[in-house]
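The structures considered in this document are given below.
Both of the next two complexes hold subunit A, though its partner changes from subunit B to subunit C.
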Partner chain A sequence: MPEVIVVTDETPLLRAENLTKYYDSSGGFLDSLLGNSQDVKAVDGVDLELYEGETLGVVGESGCGKSTLARALLRLVEPTDGSVYFQQRVEEDGEPAGRREVDLTTVSSDDLRDLRTDLQYIFQDPFSSLNPRLTVGDIIGEPLDIHDIATGDERTERIYELLETVGLNPSHTHRYPHEFSGGQRQRIGIARALAVDPEVIVCDEPVSALDVSVQAQILNLLEDLQDELGLSYIFIAHDLSVVEHISDRIAVMYLGEFAEVGSTDEVFSPPYHPYTEALLSAIPEPDPLWEGDQIFLPGTVPSPLDPPSGCRFHTRCPQIIQPAAYDLEQDVWRSVVDLKLRVKDAETLESIATVPDETPADDATSRTSIRELPSAQFESVIRSEYDLPTELSDSSAERALSQAIDELYEDNVTGATARLDDAFTSPCEKHHPEPAQTGTNHRIACLLQDERYDGDRFEAVDADSGSGSDNAVADD
Partner chain B sequence: MSLLEVNDLTVKFYTEEGVVNAVDNLSFSIDRGEKFGVVGESGAGKSVTALSVMRLIESPGHIESGEVLFNGENLLEMSDEEIRSIRGNEIAMVFQDAQTALNPVYTVGEQISETIRHHLGYDETEAKERSIQLLDTVGIPDAESRFSDYPHEFSGGMQQRAIIAMALSCDPDLLICDEPTTALDVTIETKILQEIETLADEFDTAIQLITHDLGVVADVCDRVMVMYAGKPVEKAPVEELYYDPKHPYTVGLMSSIPRIGDERERLQTIPGTMPDLVDLPSGCSFHPRCPYAEESCTRSEPALVDPETGAVATDDDEHVAACLEYTGELTDGLGYEVTVRDSSDDAEVETVAGAKASSAVDTDVPDAGGDRRD
Partner chain C sequence: MTKTTDGRGRIQITGFDADEVKEREPLSDWQETSGGEAVGRWTRVWERFKRNRTALIGLTIVAVMSLLAIFARPVEVMGLTVQPISLAPYPPEEILWIRHDVSQNTPPSWSHPMGIDGEARDVFSRVLAGGRYSISIGFVVVAITGTIGLVYGSISGYFGGWIDEVMMRIVDMILAFPALILAMIIVSMFGGGYWQLVAAFTIFGWATYARLMRGEVLKIKENEYVMAAKALGARDRLVIFRHIVPNAVPPLIVYATLQIGTVVIGVAALGFLGLGMDPGTAEWGTMLENGRNAIIPGPGGDIRWWITVFPGAAIFLFVMSMNMIGDGVNDALDAQETGVAGGGDK
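Entry: the complex of A and B
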């Protein structure tokens, strides 16, 4: 297992700065003509470093932009903004002569093609990433032909060697991909990536389509190859235990941004980013007597079309910070925010709460609409839907909440939205968290780690004038 | 009497390459309200077993022999009409891929109501009311307006919830879940699993949970059956299976899971892959991949026995395994040990498969190994 790389003044092999990829989601020409275009912010200002010989794991839920990040890094999709610097090997008269820095986002396509011999990619799906009409030999031989690496007997020799390296039988050169199992196909994909003798391999969920036993074989193979060939990996996965096993450093991604970056040990021990903590608690342990405190995140990942303001995780964060004025129980506070967010998005009263089955006295099949309920019952339905106590412990918070509920009762959704917004706005909604240094190589982007947070209160220094600069993209 | 009793079920698929022995002489039973797990790699016959119970095996597949007793009645002998009234009504199924399980051209609500109208004879409005209630029960926010959404307007997790709502719509006695969370993120997975568990408790529904994830099984199930190449190799209550596994395959599966906080540099693997079901290895089908295999394993096929006594398994046995070790036919025994680490707040099980010094049988699988040949 490679040593944990301690960052010194060593230059990273691959470094991304403010890497950004927006997809245009407009329906086509007409939409763009009418100015209806909207951007899907798949990757939004990511900085990362990959050092020689290390494995950087990237984890996150589906839709968080992991795969887009991987592709943008190697310019398989054209990044919208930002740069990717790579230390390219330079050879003079066939002798290695140091390295020079190239920016992958600006090089010409010819140069990029040459760079593909240093930067390779392993795809998630071993079934669709191999051409079904080519034999295994031709699949692995293709990069050799394209980059003029080997021809004739030398080519055949190299293919045999590669097959053996990844643990396949060289006599299978003439077989087609469908004759292989999922794990074997993934080995073919690895052999193809190795053919050009690369330095960096981006592995995009290479084991998520495989059974556990086969998954373990592939993980071991990747580690052996790293030891043998000095490869550096960027390893994308959604399974934290897999990433923990293989990575030296881990980046946790949420909605196009890095929430936390650090060495494996740092990411897996406190201080946590609340999102990492929730992900960690969600892993099912293969132990029947294990009783973990699972943290349930409400809702799903919000749309990257219009990501939440401030901290993007605030809509689901169990540890969302309270305004300085209140002192509520944390879960009650979370419920208040849930109510607020729902009211904000609601078009009608019915979408805010539904009457539970027991409430209607008549037959079970006819459902009363929430607006037909008497005032007191209306209030209790709302409160129980969001797990709010009958009275908040803080009197001014209670006053604002019950006034908002009254407004809802009068079907004044806009009024209630304004009141809730006025009374309950978390600093997390206003301030974009900058990555805070919490260890030598450990950065957490969370206001809880911000120096303006004193363990209890978030003191925004002149909150109004300061919030402008907070929202600007600025992280180094 | 058990709710579901499968006896000596054999399913074969007649393909061009030959006869695939998908399920071979399989027996198990599920009690009312019990949560039963079926574990194994792809190709172990887990899904075929589930489909046989629903009688959904289609050509070229054929149920060769055996019986599937549900509440004492043999499903395999029922007429098409009778089986239709049971399917979706008394036995419901949650499929792995929610996206393909839902019909894209009907609204989600309509698809749930259809089941209710068909089986429970509700009229249009009653069925709609009930569907909305169900969507709300499985945790879909704003169920009333979501009722008329099409499947593509739902996220993956919500689609799976809708499928669960559909499965629960007729208050089934048995819910078969085929890898219900494999396609989902961990955060959604935990929520869906908990949903299934609470709903099953609430409706007193028995669950047959098919998965390859031992973490999921540990979380949900009471009893587990481990399958390999169409046969059960071990059946045990969940604690015994995890703390005292008896079959080398179970041990291999457990030790290949990467664990958080685990210091091992390499993962234990089960060398090779599942054998071709057209041409099963002689003797014990696991012998080419088993680190403890001996000469005798290539010759005689082990029966399911009680590991303590070596007597052939009966219905009363809680823990049974199919390995020659327990009938005294192995000379060197099984060399693994299970350590239960009890760290400060939670216990952890670590299963270490120790390789035996000399293996009598050559493992000639093309894909030989997590350990590469150099």
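Entry: the complex of A and C
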């Protein structure tokens, strides 16, 4: 089942398979006793590889589960499912003797403690990641004590050395974290991670809490350290511009899943995942010669409590695929889907559309609900709310839409939901896109890249219920 | 200084490399010279506490009262005199008219500054020595309950889940009853006496500390440095006692300071109800109880006020000073948390 793509003969240093973390969102003991629990699907089946000496950037909006992924990778939170394999250095009689694969999710806590010397973590918030009651020396010395790396003079020596490595003065050893600026604190955090001489460092948004001028310094420091010590990084960030310079490969994450993984160049050039494309268009462009439109994503990230079916991005995707039967303009189609999704979630008519202020009203004070509008006006309010033309270009689509609006007018929300569902269901809602290979090491999880998509139509709709030859369909 | 390119976001910017950056303004206003010697956290708290006049007065009173209690009579440990000084002119239990020329119920005079009580005992000596019971029970009880509560609350808060659930339901059960009632039940079961009194306030007294500590631990646990310690491979014990407890303990200290006064009042209350020490003992609450009938005017129509006023004043003075200290500690620690030096705050 795991599709391991061998790009080089090299085995990845760290490899996650189907890594999954669900949080129980129930209010506590009583709730779980009553069965009221619901899972927050923070990370849902992520596969990733990290090769020696490279930097893998992981990008996503806040709430997409990237921090949870980072923590689950190092088992700082217990993963719900999946495995993380690490090629651990093995020593025999003090001599390096190759590597051995261990699964982080199953090792004993003692072995895990040993693995902490190979896998380290840099935290996002330089203010809360350092214990305010300990001196810098104690903070950096802690890993040395835990793993019996150095004691006495040797320990002091090592602390000085680490402080110098990260660009701090050894005389800072006896000071407390509050005496330092954000950037300096982040350096202390880096020194602490380096103390155990790790191979892999997971950097969880290490610069997002810092001033822009300081960000560059920290990024440079991380890059220098990588060259010097041969480190491999997993670098979490919330925007592409930060990881662009530091990453060899980039993974774009959306709602607990990877939408796209590829080398930095591949991610920054077509073919794009529609989500990546939107993120790229949002990078502020200082180049006045650049001509491009920013793609605005409608709505907010849906709740990971109940992620959308099929492709999780379909509630916001500008390129959502049309059913084979229609041929609408893409933005009209998007609007139709928006209306449909809203009707589905709506409990009352009022939450579907509101009367615009300028609507001529006989009695301006009482007319606040669209219920009271006459039929024709009702329809135009709905259409203008969702940017729909007065008539869709496709006649069968138009028929279904106007019937649904009529049903809404009769306050039959359920009926309208059923009709809209019937007429306008995108393949994106039904099929969970599997990552498709679009380059040597480039994977995009989007039906547009699926082989069943022929550039215009997605043809698997009928096939998957019939022949069963279509084994790639994974309905959630 | 930009070069146009066709690649999206691939602008080349020069003059922004690390060497140039080094020449820029320092990262913070902290200078090698401005810091002075690094001062520990408790030193800073003490500096702040010292500036609080009320708290210092309280501390002085408590210190003087404690010293007076210690030096009131010689202390013997297993037949060996470890403290020979005797400030009180008479043994507190001695009935004076047997060997001295005094009578019962004498008002204060130069030779007996607090008068003589109804059993012909020197009230001054009794008040001095009485502090031994009240004050030491206060400190002992708070030390024991605080420690139990700290460990209990830390475990409950740190491990969470059903462990927390069970442990906190036990605490809820204890806290459902008034502390003094529970103490009375224990004393009436085991009888009066020093260690019985300690037990009376200890057996259930730790519950509030536990609850306080748990809440604090839950808060501290969220800090990234706790996860950082785990990422370094620290064991639970180290995480709790090095990273969580030192950061969670300030509110506990404030509460404990105030609690010393409360326990002293509790001991006095039990004594006044006749449930504390043996009736003749020189303990402030017990003395009040003995002097109860002295408030009623005696044969000559006079009120023998000195028998109750002095032990009462001692209780009042001690508890008030303890509260003054508690407030001072609270302010000193509070400033620590929120001021410039505010460790974990942003």
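Convention: the second predicted complex is superposed on the first by the 439 of 476 C-alpha atoms of A that agree within 3 Å, B and C clash if a C-alpha of one lies under 4 Å from a C-alpha of the other, contacts with A are read in each partner's own complex, and residues count from 1 in each chain.
One rule holds for everything that comes next: a residue touches a chain if its C-beta (ideal position, glycine included) is under 8 Å from a C-beta of that chain, and two chains touch if they have at least 3 such contacts.
Since the structure is predicted, the reported quantities are computational estimates derived from the model, not experimental observations.
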Would you check which partner chain A:Thr106 touches, where first means subunit B only, second means subunit C only, and both and neither mean what they say?
neither
Once chain A of both complexes is superposed, is A:Ala282 in touch with subunit B (first), subunit C (second), both, or neither?
first
With both complexes superposed on chain A, which partner does A:Val214 reach: first (subunit B), second (subunit C), both or neither?
both
Using the superposition on chain A described above, determine whether A:Glu350 touches subunit B (first), subunit C (second), both, or neither.
first
Is A:Gln124 touching anything from subunit B or subunit C once the two structures are fitted on A? First, second, both or neither.
second
Could you look at A:Gly183 and tell me whether it touches subunit B, subunit C, both or neither (first, second, both, neither)?
both
A:Thr440 contacts which: subunit B (first), subunit C (second), both, neither?
neither
With both complexes superposed on chain A, which partner does A:Phe268 reach: first (subunit B), second (subunit C), both or neither?
both
Is A:Thr11 contacted by the first partner subunit B, the second partner subunit C, both or neither?
neither
Would you please give the residues of subunit A that touch subunit B in one complex and also touch subunit C in the other complex?
169, 181, 183-184, 213-214, 216-217, 220, 240-241, 244, 268, 280, 283, 285-287, 289-290, 292
How about subunit A: which of its residues touch subunit B in the complex?
1, 61-62, 164-169, 172, 181-184, 187, 211-217, 219-221, 223-224, 238-242, 244-246, 268, 278-280, 282-292, 294, 296-297, 300, 342, 350-351, 354, 357, 365-367
Please output the residues of subunit C touching subunit A within their complex, sorted ascending.
2, 4-5, 7-9, 11, 16, 18, 21, 24, 27-28, 30, 32, 35, 38, 41, 162, 165, 223-225, 227-235, 238, 242-243, 246-247, 340-346
Subunit A contact footprint on subunit B (complex, rising order):
41-42, 125-126, 129-130, 132-133, 136, 141-145, 155-158, 185-191, 193, 212-219, 238-239, 242, 252-254, 256-262, 265-271, 273-274, 346-349, 366-374
Touching residues (chain side subunit A, partner subunit C) in the complex
28-29, 71, 74, 76, 112-114, 116-117, 120-121, 123-125, 127-135, 142-143, 146-147, 169, 171, 174-181, 183-184, 189, 192, 196, 213-214, 216-217, 220, 240-241, 244, 268, 280, 283, 285-287, 289-290, 292
